[in-house]
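In order of appearance the chains are A, B, C, D, E and F, and numbering begins at 1 in each one.
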Amino acid sequence: MKKWLKSLKTKTPQEGYELAITLSQKGVEYTQPSEAIRKKLRPKYAKDPDSLTAASQVIAINFQTVAAANNYWKDHVKFQ
Amino acid sequence: MKKWLKSLKTKTPQEGYELAITLSQKGVEYTQPSEAIRKKLRPKYAKDPDSLTAASQVIAINFQTVAAANNYWKDHVKFQ
Amino acid sequence: MKKWLKSLKTKTPQEGYELAITLSQKGVEYTQPSEAIRKKLRPKYAKDPDSLTAASQVIAINFQTVAAANNYWKDHVKFQ
Amino acid sequence: MKKWLKSLKTKTPQEGYELAITLSQKGVEYTQPSEAIRKKLRPKYAKDPDSLTAASQVIAINFQTVAAANNYWKDHVKFQ
Amino acid sequence: MKKWLKSLKTKTPQEGYELAITLSQKGVEYTQPSEAIRKKLRPKYAKDPDSLTAASQVIAINFQTVAAANNYWKDHVKFQ
Amino acid sequence: MKKWLKSLKTKTPQEGYELAITLSQKGVEYTQPSEAIRKKLRPKYAKDPDSLTAASQVIAINFQTVAAANNYWKDHVKFQ
């Protein structure tokens, strides 16, 4: 597979979250490399609430990794 | 997507928990961007106990991240 | 939602475990705020062994957070 | 509930694993306090391979906590 | 149960992975102690791809514990 | 099983992600050693979106381990 992951560092927490989404999608892509098949699966998938929760869970796990890699962006101390 | 996550820091543990809920919902929103579809899914979802447990699990995973980012709010040492 | 989480610190590991249970329940409550609906779901839920295991898993994840926040109660060095 | 968890410290890794099992069972007990109901659920549960894997997963998560609390029993450096 | 876990330390990452498998199997054994029943469940189980993924997930969780206990075998710095 | 895991260290994050995939597959292989059976299971598996999400989740868990073992490749500080 061509280069898609250069670093776990991101400038902001939100970019880190979006990187976690990419990591989650890549896990699917490596397992099912056919884009045609993945696209066909999408409609069913994206309308099943349990599938959506499961997707969010994988993102959450990857976000743990990205957040740790960025030391939780502790320089960005603006409170929510 | 517009800016929604400025920092993982929160003032209190409860705000941290609520940020974990936001993170969990965002994982669903990125996967299913249509608000109309998400709203249609909600009634079924929110009455299925296993779906609710799964939702709580994603929140728990995100709360681990938020809690670590805040060093577990160790300055807030009031006991439960 | 009114204040329900003041701190992740607890005096003993068992209180920490019980806080993990509260955290797990709150994840459900935020997702399904109606107490009436939650009560109706309970009978089915509490008799399904897989649902019970799933509940225990969410507690386990939250207990990781609480235990870390308390530095694993390392002052309570009484062996089991 | 009466006192059942005094400490996360154990003398050996195996006792730590067994404590992780106790923690996993307690998550079920708090959710379904009736021992009669839990016993009735057991036969079905213990013959379903996916239920057994799920049980092992909860134990694995709790074992992470117990192992960290014991600093991975690093004084017990006998190799496997 | 007789002694089966002396230490989390292993000489190599691969032995660590294999210890993670043992830990995962033990979670099943403690829950269903009858070897006869476990053997009967195996054929169905080992041909269900989702069951296999679930098994791999439990191993992954236990491998996190074993890897941390071994400080990720950082003396074994040969690259993959 | 012959030697397949020499180290958790990789040169880049992407190689680390690919090692996480290998670790995830090995969990399946140890549980179902027959390559013939695994190949037969694959078509169904790779077209079920929930199975793909589950696979991505196992990869995410293993990637946490690999990333920690590499100190999150903090020398590779190029931003995404």
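Assume a contact is a pair of C-beta atoms (placed from the backbone, for glycine too) under 8 Å apart; a residue touches a chain by one contact, two chains touch by 3 or more.
Since the structure is predicted, the reported quantities are computational estimates derived from the model, not experimental observations.
Any chain that touches subunit E and also touches subunit F would be listed here, but there is none. Among the other chains, the CA centroid farthest from that of subunit B is the one of E. For subunit D, the chain with the farthest CA centroid is A.
A straight line joining the Cα centres of subunit B and subunit D is 27 Å long. The distance from the centre of subunit D to the centre of subunit E, each centre being the mean of the chain's C-alpha atoms, comes to 15 Å.
Centre-to-centre separation between subunit B and subunit E, using Cα means, comes to 31 Å.
Shared interface positions of subunit A, defined as residues touching 2 or more other chains, are 50, 54-55, 57, 61, 64, 68.
Taken as a graph of touching chains, this assembly is arranged as a ring, one closed cycle with exactly two partners per chain.
Round the ring, from subunit B by way of subunit C, the chains line up as B, C, D, E, F, A.
Note for the complex: subunit B touches subunit A at residues 1, 3-11, 15, 19, 23-28, 30-32, 37-38, 41-42, 44-45, 50-51, 54-55, 57-58, 61-62, 64-65, 68-69.
Those residues of subunit D that touch subunit E in the complex are listed here as 12-14, 17-18, 21, 46-50, 52-57, 59-61, 63-64, 67-68, 72-74, 76-80.
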